[in-house]
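Both complexes below contain chain A, partnered by chain B and then by chain C.
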Partner chain A sequence: MMAPVSAIMLSIDGSIAALFVIFGLGVMVSRQMLASLRFFMWQASALTASALALAYALQAVNLLWVALITFTTKVIAVPLVLRWAAGEEVYGRREVDQAMGIPASVLVAAMLALVGWFAVAPVLPTLHGVPFAAINLPTGLIMVLWGAFTVAVRRESVAQLMGLLIMENGAFFGSIAIVHNLTVIAEIAAAVDVPIVALVIGLLIRSIRRVTGSTRVGTLDKLHER
Partner chain B sequence: MNADWLPVLILLVPLSGALLALLNRRAAPYFSVLAAFITLLLGISAAWHVEAQGPIHASDGLFALDALGALYLLPVCFVYFTSSLYAIGYLWARKQEQASDEAEPRYRQYFPLMNVFALVILAVPLVANLALMWIAIELTTVFSAFLVAYEDRAEALEAAWKYVALTSMGAMIALLGVLMLYYGTHAAGQAPTWNGLLRAAPHMSAPLLLLAFVLWLIGFGAKTGLVPMHTWLPDAHSQAPASVCAVLSGVETSAALYMLLRIYPALAANPGIHDPAAWYMTAGLITVGSAAFMLLQVHDFKRMFAYSTIEHMGIILTACGIGAAVHEQGTVYQLFAHGFTKSFCFFAAGLAGIIFGTQEIAKVRGLISRSPAAGWALVLGTLAIAGAPPFALFLSEFEILYTGYSSGQYLPTGLLTAFIVIAFIALAYQATRIAFGAPDNIPEQHTAPTIKIPRSSLAAMAIAFIPMFVFGFYLPAPLLHLVHEAALMLEVPA
Partner chain C sequence: MTPIWTHLVLNLGQVAFILVFSPLVEGVLHRIEENIQGKSGVSIWQTYRDIWKLFGKDEVVSEQSTWVFRFAPIVAFVMPIFVVLLIPAFTAYPLFFAFMGDMVAVGFLMAVSGFFVALAGMDTGNIYAAVGASRTHMVGFLAEPVFIMVFFSVSYVANSTIPYFVTATWGASWSNMLQPTHLMVILAFFLLILADEGRIPVDSPAGKVEIAMIGHSKGLEYSGSSAALMKWGGASKLMVLALIFVNVLVTPWGLAATTQWTAVLSAMGLVLLKLLAFVVILALVETTLAKLRLFRISEFLAVAFVICLFAVSIRLVGIT
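Presenting the complex of A and B:
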């Protein structure tokens, strides 16, 4: 059982969660590649803010690590990696191809939010001693679903990478409310994991651009069962 | 030697292999084979120790190896070794074959990457912490992406991208499940390890445990190739070199399946979760059934073996559900035997591809007359993977079906039998066409100059054939004991 926290901290975390969702929606529906990347960076900043708020409210020193790792890897390292790997594609004014229009995407996002909420709803009463779980856990799961949806409908490699990264943001946003004690080794490994994933995917994007002349993966459709 | 050092050494040797391969490109293939061979010896020592003296716990709980982990570790070490040996001649032959192509294969990157890829697969059964296991599984995708894209052509990059996008998406979904289990074990005062999870499971909130499992099933299911998240698998296998396919199909897909198997006893131990075996049987049967029918219409022999992998992942998952309340020897033995059997199949397929210059089944006929070694290897490998006697997988599939029928689970076992038979017919039909079909019937015979089959590849196939064949009728007593101990870890008496 964790110590009760003040209503102010709950409302701060709730506000951060709202921003986290808005930035996630931004990643999902923005038409410009650069806008998508910026929304991702803002979302990672919101995750950092939530980790700091929870660290203060719960006196959980390990969450300070999470905040530091998140900010360093996602707000600083990932954009640098992407600038190096696919700079022209990301930082030029490039419109993102997608299989589904924006209004339909928003509608699906709303449905996925409902799915996420109903999936977590039975779990929440069992976490009555965990103060921020009711805010962070559903928000995190919804973001995981939105990220998966983004990967599915975007036909652009960088935009799909953004989808993967907001899924990871979602997983961490959900879990910082319930897990404050990842062992140091796991935290360091997680810190290394994100830049490595971004670097390798960035290299793959670079190869795709070199060979096909574009980072549009929607045009890669030669492999299928005849 | 103190067994506590074995897990660390098993991970250090491939790392050294990767570094040496980076430093000396010319000798990289030989460093890789040496590293893989030492790893195999260390893996056998570790498994032997676990069988004789029980689980290994090392480095203050950072590493742990129990019977199920050891039984999975053995094929990983074995396939790492045979694949490294096979790659020496195979990649050289492919380079010769594609000398005129514009695309330059990533030959220089192959051996360092393969060693790191093996390292992260080896870490899955060796690390004790659930979060570290997840990281290891995530990194298997990352380090193998460029092995899949070895050819550096648009098709290979397409396959690599689908592989990375789908399996990384799965990994992110599984991550939330991992962290939920972290909370569950911590709340029950246990460490986030398999043993801790088992002890915590009866006290965990059932909805939390179930949600974590569903996230694992979807997330790790994508990596395992469970239908409908399987679409990356045939594409990646059709494009990756055969030596990479052997590792991908033989042991990498099973890494995620290993996680799904290990969570089963925790689900069964929770009083609030009713009949978790049904989840396994349902997901498994959908996968086996879909793969069996896809095998009927396949046109590419490497895709054929990829669908066979999907089928086998489904068989193992179904078997876990069927055997849970009875006994799981068939399940764990299938996990063990699939590794080296499937790698043998891809070795044979790789040689067939070199000989004919194509993977299209319709264009490949009379393989036995062109190359008896490759032809017979393909036929025997296909029969072995289809579950024909006297090969190792026959033993496990017979055990699974016997368990199902003898425990009165007629419907799932009947469906599983039907799907296995369909897959058997499809595989046997395609293999006989490839091996025995008349070469004269093909209007456009491949006219490339005859390529001599590399000796290292033949040697790797000969080594891979031994367990595939011998373990079908003879299991050394320590291995049998290990299988029995591993099975006990999944069994939950009704």
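Presenting the complex of A and C:
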């Protein structure tokens, strides 16, 4: 059982969670690659802010490391890696193809959010003594679901990468409220994975583009005769 | 003076406040936008000059038009005045007409104004006005659920639909202000203002090509005093929405707590500063975003709707 935290800190974390969700929605509905990347960067900044708020409220020094690592890897490193590996696609392409229209995607997102909340509801009583779990855990799960949905409906490999990255953000957002005393080395190991994923997928995107002339992976489900 | 008379005078003072300062708010908005775009910009008093000039000009009315065309500018001018009687413009306490209507009434009054202006657009027989009217109705149809959801989430949190009580609820403590529901409602209402006022990215108020216009083509046929009323009414509507945004949602403090004139005058000054901040943000948004294609507006408003849905859901599942 942990010490209770002030109502104002809960409200601050709640507001950050709201921003986190709004930026995640931005990643989902953006039609432009660059806008999608920027929303991801803002979302990672919200994750950093939540880690800082939790570090202050829970006096958890490890969360300061989480904040620093998150900001360095996701707000600074991922855009740099993507610029290097798939710069033309991220900074040059105007619109992103997707299997489902934006209004329909938005409605599905709303449904997934409800699923996320109700899925977490039975777990929350067991985490009664863990402050912030009631805010961070459902928010994180919603983002994981939205990320999976984005990967499913986007036909562009860069946009699918954004889906993977917001899934990862969601997993971090939920976990910092439950486990905030992991060793720093474990935090670094988890966080460094993100730019590596971006690098690997970025290189994959580059090679797909070199072979097919496009990154529209949605059209690669059919065999082409040469 | 008895309190009831003081409240009545202050309520009428709100009307004067809107009528006097709304052209200034619009003028400052235009000036800031043009400055951001690297232009020197027209004077902030230009809207006053335009209205004055239009009142001095003759009016030309099509023989084909009916009473609706003549009546619509009066409705467009009067409705924001009715609305400002119901909202906290510079006092934290409810004034004489505060309980005459709630936020649903505010939405209704705005809708009546929009309805008559759209009808007048079709009444003239001008093809661009009719296209503008139908496009406005498309945007209005999409914005309606968002309006309802904003009202619902705000009244759900404040347990009231009277704007003064909503202001008091949000402003009661910092933890109320920082609720996620509050943040989401603020964002959704801002998107709604952009859509309802025909600002970028929904419509371009500075656009001059009739075929691309949404709301602004409805007033093309007006001249003389009717055009002046439409212009003044439009500026008043923007200021009323901005007042609801800043005084009820974003910064529900700094309003006069007493009926003393010094308190009221300082609250007026503070409200004008808040409006200036709002106008700067609006100008920044308008100059950094591109106009959406017509059929992408539904996506813009769908996002606003889902944000509202979240605001309500968050309250329902008990995340404060």
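Methods note: the second predicted complex is superposed on the first by the 221 of 226 C-alpha atoms of A that agree within 3 Å, B and C clash if a C-alpha of one lies under 4 Å from a C-alpha of the other, contacts with A are read in each partner's own complex, and residues count from 1 in each chain.
Quick note on the criterion: contacts are C-beta pairs under 8 Å (C-beta built on N, C-alpha and C of every residue); 3 or more make two chains touch, one makes a residue touch a chain.
It should be emphasised that the depicted structure is a prediction, and the values quoted were computed from it without experimental measurement.
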Chain C versus chain B on the shared chain A, clash or fit after superposition: fit
Which superposed partner A:G14 touches (first chain B, second chain C, both, neither): second
Touching partner for A:V211 - first (chain B), second (chain C), both, neither: first
Broader residue contact with chain A after superposition on the shared chain, chain B or chain C: B
Touched partner set for A:V75, first chain B, second chain C, both or neither: neither
Touching partner for A:I22 - first (chain B), second (chain C), both, neither: second
Which of chain B and chain C A:I135 touches, first, second, both or neither: second
Which superposed partner A:V5 touches (first chain B, second chain C, both, neither): neither
Touching partner for A:A148 - first (chain B), second (chain C), both, neither: first
Which of chain B and chain C A:A110 touches, first, second, both or neither: second
Minimum Cα separation, chain C to chain B, after superposition on A (Å): 18
Footprint overlap on chain A, where chain B in one structure and chain C in the other make contact: none
Chain B contact footprint on chain A (complex, rising order): 119-120, 122-123, 126-127, 130, 140-141, 144, 147-148, 151, 157, 160, 163-164, 167-168, 170-172, 174-175, 178-179, 181-183, 185-186, 189-190, 193, 196-197, 200-201, 203-204, 207-208, 211-212, 217, 220-226
Chain C residues touching chain A - in the complex, by the definition given at the top: 174-184, 187, 296, 298-299, 302-303, 305-307, 309-310, 313-314, 317-320
Complex contacts: residues of chain A adjacent to chain C: 7-8, 10-12, 14-15, 17-19, 21-22, 25, 29, 31, 101-103, 106-107, 109-110, 113-114, 117, 121, 134-135, 138
Interfacial residue positions of chain B with respect to chain A in the complex: 62, 103, 129, 131-132, 135, 138-139, 142-143, 145-146, 149, 152-155, 157-162, 164-165, 168-169, 172-173, 175-176, 179-180, 182-183, 186, 192, 205, 207-208, 211, 214, 234-235, 238-239, 294, 297-299, 303
